[in-house]
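The data blocks that follow each hold one structure.
In what comes next, subunit A is part of two complexes: it sits with subunit B in the first one and with subunit C in the second one.
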Partner chain A sequence: MKHRIYRFLFAALILALLLAGCYDRRELNTLGFVMGVAIDKGENKDEIELSLQMAKVTGSDQSEPGSGSKESGTGGDSYINVSASGESINQIVRDMEYKVSRRIYVPHNQVVVFGEDMARQGIRDGMDFFARAPEARATVYVLVAKGKAADILEADTVFEKMPSSDLKKIIDEQDITSTVPQTTLYDIMNDILSRSKAPILPYIEIIDDKGSKRINCLGSAVFKNDKMIGHMDLQQTRGTLYVLDKVQTGTMTVKFKDAAAAAEIRQSKSKVKLSLKKDGGVKAEIQVRQTVGIGDQKGTLNIANAENIPVLLKESEKTVKEEIMAAIDKAKELGADVFGFGKSIYRKYPRKWKEIEENWEEVFREMETVVKVKSKADGSGRIMRPIAPAVQ
Partner chain B sequence: MFSFLMKKAGIFLAKKQGAEGSKEKKEDKPKRLSKKLPENLSVIREIMKGSSDIIIREFYLNLDRIVEGALIMVDGLTDDRIINDNIIYPLMHDARQHLKKTGGDMDIISHIRNSLLSASQVKEETDIDEILNGFLNGDVALLVNGAAKALIISSKGWEKRAVNEPPSEAVVRGPRECFIENLRTNTALIRRKIRNPGLTFESLTVGKKTGTNVCIAYIKGVARQELIDTIKKRLTSIDTDAVLESGYIEQYIEDFPESIFATVGFTEKPDVAAAKILEGRAAIIVDGTPFVLTVPLLFVESFQSAEDYYFRPYFANMLRITRVISYAITILAPALYVAITTFHQELLPTSLLLTTASAREGIPFPAFLECLIMLMTFEILREAGVRLPRPVGQALSIVGALVVGESAVSAGIIGAPMVIVVAITALSSFVTPNEADSAAVLRLILLILGAVLGGFGIAIGLLGTLVHLSSLRSFGYPFLYPIAPFDVEDSKDAILRAPLWLMIKRPKEMSTDIKRQTINVPPTGKDIKDNKGELI
Partner chain C sequence: MKISVKQAGYTAAAFIFTSALLTKGVYMYLRQDSWVAVILSFLVSLIFVYIYATLNKWFPSKSLIEINEAVFGKIIGKIISAGYLFYFFTLIILNARDISGFVGYILPTTPYVVIMVAFIYTCSWAVRKGAWNIASYGPLIVFVSLFVIMLNGLFLINDIELNRLAPAFTFPPIKYIAGTHLLTALPLCEIFVFFMFVPYLQKADGLGKVLFRGLTVGAAALLFIVIRDIVILGDTLLILSQPTYSVIRLIDVGDILTRVEILYAGILISLMFIKISVLYYATITAAARLVKTSSHDYLIRITGALAVIFGLSVFSAEYEHMDWTNRAAPIYSSFFIMLLPLLTLGTAAIRGLNRKNK
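Up next is the complex of A and B:
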């Protein structure tokens, strides 16, 4: 008798499992894959204009790759852009179902682009949905576009089928220049929550390149809390990334008497050492150690010989130092702690931080910063001297 | 749940049959021969009435007095040459001289047996059932008037297939002989591999109507006596009337008949059977089939092949890992594909997702149904491939490949990724042929779970399978041994195999004589000397 009850319960358990099944089952051809999101200020006050770029999946007889541009006639577009405005992102996304025949599916979203107007007004409202929805990924890149963000989604494609994929790949590849930050939603959330650190986001624009609309990187947009307050150019951005120890590789031009060389950053490591000054201020010492190689050179002077290498190293040290100083100057001017000094002070001198937290912006502006750069030489590539017969 | 249902059904059926079975349990006493030949012959004629292949040859033995005798045999089962030259000729011709020499009163039967017959195997029988058994097995029964005994003279000689290549266990390297339908040939094939006096073939008869000869092969002193006793107990308790193939025996003696996993192994290669016997296992050879059973069976054996031991260990281990992966693919691939595309789209890399989605665009069926259709199509093709006459096979593969591969995709009925998934599933199922039947069932269960509950369902299914597997026993041995319970020593030949010179011991538990070899140094060129006479 007892056994029978157990068996019944067991069977009921199994059946209950099956009953709970299928509730979030979705076939692939019922989903609209969002590939890019652009958020702009709406026409009315308090309104947000949201544009979604969705992949238009074309069925098994696919048009040839590369026919993804908006204008191509035969295969149709490989994406559609839908926009709508409203008070909250969630509401707009739901309302978009009026226009789109498929369930809007965000996990594969590649980029979230904010228009500059929206960014200056504050990105918190636009970001909230993407941080909150469990479907959306926190590893998505967040960017700021000069002008309207929706225009970015209209850019002409280069290698990918969709402008948003192109944009993602562009940001992906920036570890080779180290002049544009690769900021994810997660990073921004962390920065804003840390109270003192100012987020920097890639700053992009649309340029007219021989009649086609192309994406171009301008550097970084500097935020204070969730509001954009200014922007840094490419060099200043690299200076900032040096301090943040996020420079991987990149190049800089070094001038000689009658020659010039591209110094290639092969490796870079940086440290920030904080100390308290007697007069109550804070001092930050930024130490950068990097290895530099010769990427290419102009002229016939052999830069790779024992006399010229120290010059090359010195010059590269100088350039880096200038970049960092420029970044610090710009940050101080904006009053935005993009380097996360505040965070480091809080970790190292928690008591001191309590004192200065109130007027951290003032303290940051007054901070003494020392930059020390040390370069090491690392090879001249496959050739050891310029291709000229007379050179030693 | 399934085992519970099966058990229920089993008990129900058993109850129904038990009532009838108990009534017909009265064995009559064995009938004895009488001293009179005509009487005996008429008894046998009565039993075998209507059979055209029974030959009863009556003749006179030319003794000092004329004695009537009769030979009984089955046409087609005997070798005529043996009967003519070694039985009838001496009885009719040589008998006279012999009797004159010895003269007088003596036991005719033992005289014939000892001095006249020039056949190798002769035995005396008094029981009519035994005599019937004798000539039905292809021997000749000799009855003589005045003696209540008969002689069963070996003269087997029926048509049998030649020993040729194994059709289902082909190898690249290794012996190419295969068991055949004849029991004696099969035992000889094993004896040829193991020239050891300990090798024992114990015979039994199973099947009340078929009287099939079954042979247990093992090595005395290597196999555990308990194992042999268990096998004998299970074999003798089989109460069926017909055994036509070793599959009948397998289903009667396995530990868990309700499980989808077989716990009795089979092979048609003498070298495989010999290797298992040498590890302390027992082989059960059934007359009339080339498939020899081996017990106990461990799960890891399904991933092993004879070639693993013939190839050098590196490649052999690579193959074994490939087999394990193939098994995982064959049970999981369709379930994972359906689960990921209908529940966990976020798991796919974006570009792969878009490709998959574009292939699925316009497919009229849900992924689950699509998968079922494809799996069904594959099963149909496979079954048809087995049943079709050879010459039609070519046509079948063309039709199959075109219909399934090309047309279904281009017509937009089935997505191309699904074809790929089912194709790799089908291919992988042939890598582990011994588990192919369980894999087909498991695949379906996991597919349904994956389609209903997604990855969660697959996880439940796999966990359930694991629990079930670890509860299985094969003749008392844990089915998952040496993985669970884990044993370091015996892991030398589980998923990976150690070099032969490192396999010093036989599987623990399985054998009484544990040592296989005594030294464990590799027989490398340690004995080669250089010019100065020093070992290199």
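Up next is the complex of A and C:
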């Protein structure tokens, strides 16, 4: 009986110690929640300039959207931007604790933006910290900014309280344009490790929109291994996303006799068929099947009838083909296999891959590509013809 | 109370599940072909399960220690049994180290000693309550684990790229052998430890059924996990220190359902509780039978204390632990769970002990 009491007391003591909470717990008011990261080239060689955007949790309750301001801001600010330079991200983050009264906490980070100079120098070192830190998440978006990445964190916001949240939502929404890739840290790691697939990252800039500094998407930054080597415009990027089967929805303007229509991509599915040619080369046949509807139209000609719909479909097929060909030409010009053809060859013809792996860039530039697009008609929306009296 | 075949079978499955969630080693050998090693190791393990079942049929309701004495005589039998005792004890240490490493990965500032003491103490509680107590949790934990594993797979359906399984069969045969050996010796045939539970089984010669059920359910889950990791992680599989955990960290359903890895952590800890308790129990019963004592309490305390001490000091760093698991552990395990049982079966057959028992 006595033993039982001792045991019970011992268990109660252990449980009281262990279940009361972590001994190294961190309360909300001790943490600096990083919401966005910008990485630029430092002033000195081998130096990185790191800027962190941290949420001011108490301030964000009272502030209005768009009222966010940076470090020097007064009460009601919703974020603070802190910058520092150094040779390694981990070191810089620790050094930032000299300036910030809270523990820098990265699990809620939403975006990592590289400045173009840094991206051209290589993003591997910058990504290492975010791939390695146990708290950081691989689903964070990674982007490249034209100019300085730190400027992106200074953009004016409209709906969100922080530029980094704005940026995250802008990229989230790109599935309705399919002209900007939604690249995560995990995607880039996979691409770089594949040895042949060239990563593409969203390419953004800051524009002056009637006195406000707004974020704008330019397309995609193209990489070879971890170094940026060029960029693709919005149409070329969508061409690339078609080949990668990542186009979800979108819209394209189709010229049409004396009218024009916005053909809306409602669904798209692509396949790449690779084959070996007798001369030792490689051929890729890209097949796209999509459903297209009418988003809106110009003029009074009724496009949504049996006579005109086939023309609309043909035109949309032509546009998609052009976009894909433009993407292929650009990729060949840059010598960057953004489509992952090399990876597919390795998967389908591993022996052939061993032969061509060394000169893959050359083989890629010489590759024959055939694009086949098939469009299927979808509805014309809530109206069946333009808002115009019927022709008698 | 005696353990039913169902309870012991699922406990054996839980035993395999634990290692199934720590599959890093096989990816190093076979990357996208790791699933081949799972199937091959299942087939090889079936042979060993047959050997264990035959031994159990020849010596029904006898534990490993008694079989060793019956087959090899008192002195050699005792030496071999002491070897097994050492083996079971080292498994406690290594698994306690595994779970401390895992919890340490999630909570980097928590000292290993806190995790290990808490864990071993909880397991010692279960061991004190007896074999039936441990085994009765088996079915529940297996079903919950299966549910969580399936659910995680479902949440990740958009990240699946089946072509990541290609190309198949491109590695040199030696790598398939090494991968198969690793999986056979580490998670699959480790269920050999259930030999120590034979005296507590409802059916005296039911070990074969128990192990077959455990192996089949365990290997099926292992296959599912390995394929899921490959088709989702692709090339990153090779650089991640916790691939299965990293897969679950990718779950993001509409920005709402994220950070569900805590479910996996909970499951792994529960499974590890079962595994270490089984090993702990096997060690205690082996020691008790070897020194012929019925007082388990002292043995439980001594074993627990030694497990914590050695668990903390066996490896100086995580990379040493990884190196041991991938290189030395399969060979070390093979001696005890492949070679010795084969030797025991052979000697028993030569000495005609199978006929004698019949």
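FYI, the second predicted complex is superposed on the first by the 354 of 392 C-alpha atoms of A that agree within 3 Å, B and C clash if a C-alpha of one lies under 4 Å from a C-alpha of the other, contacts with A are read in each partner's own complex, and residues count from 1 in each chain.
One rule holds for everything that comes next: a contact is a pair of C-beta atoms (placed from the backbone, for glycine too) under 8 Å apart; a residue touches a chain by one contact, two chains touch by 3 or more.
On a predicted model such as this, the values are computed, not experimentally measured, just so you know.
> Taking the superposition on A as described, I'd like to know which of subunit B and subunit C A:18 touches: first, second, both or neither.
both
> Should A:248 be classified as contacting the first partner (subunit B), the second (subunit C), both, or neither?
In the superposed model, A:248 contacts neither subunit B nor subunit C.
> Between subunit B and subunit C, whom does A:347 touch in the aligned arrangement: first, second, both, or neither?
In the superposed model, A:347 contacts subunit C only, not subunit B.
> Considering only the touch criterion stated at the top, classify A:134 as touching first (subunit B), second (subunit C), both, or neither.
Second partner only.
> After superposition on the shared chain, which partner residues are touched by A:190: those of subunit B (first), subunit C (second), both, or neither?
Touch status of A:190: second partner only.
> More subunit A residues touched by subunit B or by subunit C?
Counting contacted residues of subunit A, the larger count belongs to B.
> Between subunit B (first) and subunit C (second), which, if any, makes contact with A:88: first, second, both or neither?
Once the two structures are laid over each other on A, A:88 reaches no partner at all.
> Contact-wise, after the overlay, does A:57 reach subunit B, subunit C, both or neither (first, second, both, neither)?
A:57 contacts subunit B only, not subunit C.
> Between subunit B and subunit C, which residues of subunit A are contacted by each of them?
14, 18, 22, 24, 137
> Any idea which subunit B residues touch subunit A in the complex?
My answer: residues 1, 4, 341-343, 345-346, 350, 353-354, 356-363, 366-367, 409-410, 412, 415-416, 451-454, 457, 460.
> Per the contact definition, I'd like the list of subunit A residues that touch subunit B in the complex.
7, 10-11, 14, 17-18, 20-22, 24-29, 31, 33, 35, 55, 57-60, 62, 105, 107-108, 110, 135, 137, 165
> Provide the residue numbers of subunit C that touch subunit A in the complex, in ascending order.
105-110, 118, 121, 163, 166-167, 170, 233-236, 238-239, 246, 249-250, 252, 255, 258
> Going by the contact rule set out above, which residues of subunit A touch subunit C in the complex?
Answer in residue numbers: 14, 18, 22-24, 134, 137-139, 172, 186, 189-190, 193-194, 344, 346-348, 350.
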